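Quick one: this structure, given as structure tokens, is what I'll be asking you about.
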Amino acid sequence: MTAALQIENLWIEAGPVDDPLVLVRGVDLSVEPGTVVGLVGESGSGKTVTCMSALGLAGAGVRITRGSVRAQGTELVGADEATMRRVRGGVVGTVFQDPLSALNPLQRIGDQVAEALVLHRGGRRRAHRERVVTLLARVGIPAPEQRARAYPHELSGGLRQRVAIAMALANDPAVLVADEPTTALDVTVQAQVLDVIRAATRDEGRAALIVTHDLGLVAEVADRVAVMYAGEIVEEGAVGSVFAAPQHPYTRGLLASRPLLAPGRRRLSAMAGRPPLPGAWPGGCAFAARCPDAQTACAEPPPVRRGDDGWSRCWYPPTDDPGRDPVEPQERAG
Amino acid sequence: MRRRRLDLRLWAPLGVLLVVVVACFAGPGLLGPEGAQQALGERLAPPAWLSGAVDGKPLGTDAFGRDMLSRTLEGGRVSLQVGFGAATGAVVIGLVLGLVAGYRGGWWDRAIMTVADVWLAFPFLVIALAAVAVVGSDIPVLVALLTLGGWVLPTRVTRTIVQRVRSEDYVVAAAGAGASDLYLVRRHVLPQVLPANLVVWSFTVGALVVIEGALSFLGLGVKPPTPSWGNIISDGTPFLETAWWVVAWPALMIVVTVMCANALGTALRRRWQTGSGVLDTSTALDTRVAP
Amino acid sequence: MATAPAVATPPPRTGRRGRRARRIAGTLARLVLTLLGLLTLLFFLVRLSGDPAGVLAGPSATPAQLDAVRAGLGLDEPLPVQYAQFLGDVVRLDFGTSVFTGESALGTALGALPATLLLIVSTMLTSILVGVPCGVLLDRGSRVTRALIGSTMTLAQAVPTFVLGVLLSYLFAVRLGVLPAFGSGTPATLVMPTLALASFAVARTARMVAAELEQVEDQDFLRTASAKGASSRRVLWRHALPNAFPAVAAALVVEMSFLISGAVVVEVLFAYDGIGKELVDAIFARDYPLVQAAVFVIGVFVVTVNILGDALLAVLDPRTARDRA
């Protein structure tokens, strides 16, 4: 079975060609049909640039140097404009972080949703009016017929993000890519938008890649999770097993800093140190400097260890050393 | 520390402007009075490198046989006096009004800014034309008049900066600690306002040299025989077919002066923008001063 | 003790209609203020000259004529009364008769307006049709294109209208002989005045478009449009440029008072029969009623354009009603 979105050994860099800044190094990620994958990591870890570059939306100066990205079997790395246009919005729908700036301020939202239809199905905007209203209703916009005539600035942040989702879903894409879809929203609205995303993905059997730093969001909507650190994926697996038994110390640290997700934990702990910035990534295991369990071997690139359903990139996963206490790393470090 | 390299984008236009100013004010004196005298036998003689040129008149002669070199330089005196004088006056007025508007705020601010808005809606050249027709066109009058044409931009820029500086935490804190208004203005406001106004001044010089040129081109600037770049061009226009040099030299001088003034302003703005982030008024500065 | 920094209090929340009404009221107030300022200036200008009767009657007037003018103008009255009288005349649109033609000054001035309007419209069209593509190239073009257009624009901004006009007439009328050097009324006579007048506006428009595009460039909605599958050309023309346009249009409207000033020069230079030439001719002829009428007509025109421009902006940018109020 082909994956809905398949990223293989993706390397991304920016800046001058002779002195490039490496942003992503060798990311492998596969989003199977009907699965929702959460891509988590701190800012600067390369999670956003990974999925934006994959669609050619990362902006000028950011380039893919190696690897492959396939959407429904279509290779996107090095693809021509026409292919990219067909894929964008047609095969892969995209939702961005900030719904305020993601909508054209001068166009009515109905027209913006209709544009997505016109671009892939042809015809005039007016011909798609019915579908636009259906779409707006589907993402839970009240009074969609009236709202279709509204301008973005007349809507609340939550409604705007719903419009953005409606736009992304307009052509029933096989994959939905969402970049921090709830981060810019009020906490009270986040849950509602999350429901919309869940309905659009899990409930409709659509594959999705959701980029976020919010583990709570992953727990709620994702089937699988990939954890990114310093331009690499350090752990990947089913949400349930990763959350219950994180294999990588970074994942453990992330989980330990979340109140509701750290299983059985009373005390919260913050990870020591800060993630290294692109360009300052150390050789060997990039997390070694912050890792409470780092040992001499960590100066070398860690091997990929495959579990039953997932893998991690660590010299000393907890299962190798049952005597070690994997859940209170910070206290030892502190 | 790296040695600071000479910034050509700043010093080149400044150097050229200085050369123009020195040449215009010292040149005619050095060349002697003959150049300004009419010599009807040498009418419309071409520049030295063309056949038919007259000795001692390297840039050719005008319709009265006067030397174009000394005439062009002399014409620059009026244009530059009016341009620099009026720009300076405009910036001084703008500084004062902008400080008052930004610092006092409230009613003062509203009054000054309303007048500025209204003033900007006036077609300035039209008013200047009407005014010159009535009150004459001596140099002091022209300076005063063009000062009125340029005060809005420095006022707006000054006010914007003053308002921003005033609301910054360290200034509010200093005021709270009992610093006097005078101290605050001297210590915190002026150091930010003055560089910005130097930038404005540069652009304004260019714009006002053009307005002066336009006025004297229309025959409403200084009265002949006193030359000014604008009226030399206007006098030379009928002879364009046979004697392009009468128009060319003053036109070139205006273009060079305006370009250098603009380039100087741009360079100064760039320098202060990157230097301290003080000059974040680029949109205000891009507003045109005058035609 | 220092006074507290002036903090702009946000306007009270009112409905959309209230905002619009206040905006219109503000614009009207500005209109009235501008015209009043213009008229006051005119009034005092004429009085500044010492003997307004002499000015208004012209230099060749006999003493009897002067007395008649004085009485007619109420110059024996105190200044405020004169001012009120003057305003009263203006309200009745009575600017007297042109000394030169003996016809209504206002009528003469208005008669010359259409030709100027034509010139301004063609200049604005040129500056948009040429300036917008230049601006796009200035932002998107190759390095060479950008340098080429950039330096052309710098030059265009530094060459004064009257110098460019002289150059154009040398080139097209004297050397090539393809365009008439003088006159008005035929399409050919419109070409050179338009070019001379538009060069600055083209450069300015191009620079504004480039600056706005650069600003708009990294905004998410362009990425959204790409993500929907729009081509880069469509993103530029449907999303980036329309968002850059309101600022450009606003600048063009603000430029109107400068454009009119330039039009005066150009009309005189090319003997184009518009209101600018009429004004300068009147100044030389010491035809003060006509000068006053022409300045008044130009002022009303500029202010009207400003108001129409505001309305146009509201159409172009639905946020205007909220943001710019």
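Letters A, B and C mark the chains as written, and numbering starts fresh at 1 in each.
What we mean here is this: contacts are C-beta pairs under 8 Å (C-beta built on N, C-alpha and C of every residue); 3 or more make two chains touch, one makes a residue touch a chain.
All values reported here derive from a predicted model rather than from experimental measurement.
Among the remaining chains, the Cα-based centre furthest from that of chain C is the centre of A. Of the two chain pairs shown, A-C and B-C, the one joined by more C-beta contacts is B-C. Distance from per-chain Cα centroids to the pooled protein Cα centroid is smallest for C. One simple way to say how far apart two chains are is to compare their mean CA positions; for chain A and chain B this gives 56 Å.
As a whole-number value, the distance joining the C-alpha centres of chain A and chain C reads 52 Å.
In terms of their C-alpha centroids, the spacing between chain B and chain C amounts to 22 Å.
For chain A in complex with chain C, the touching residues are 55-57, 59, 81, 85-90, 93-94, 96-98, 101-106, 115-116, 119-120, 151, 153, 164, 167-168, 170. Every residue of chain C that touches chain A in the complex is listed here, in rising order: 218-221, 223-232, 234, 238-239, 242-243, 316-319, 322.
Chain contact summary for the complex, chain B toward chain C: residues 102, 104-106, 109, 114-115, 117-127, 129-135, 163, 166-167, 171-172, 175, 178-181, 184, 206, 210, 213-214, 217-220, 230, 233-234, 237, 240-241, 244, 247, 251, 254-255, 258-259, 262, 286-288, 290-291.
Across the complex, chain B is touched by residues 1-3, 5-7, 30, 33-34, 37-38, 41-42, 45-46, 48-49, 55, 154-155, 157-163, 166-167, 169-170, 174, 200, 204, 207, 211, 254-255, 257-258, 260-262, 264-265, 268-269, 276, 279-280, 283-284, 286, 291, 294-295, 298-299, 302-303, 306 of chain C.
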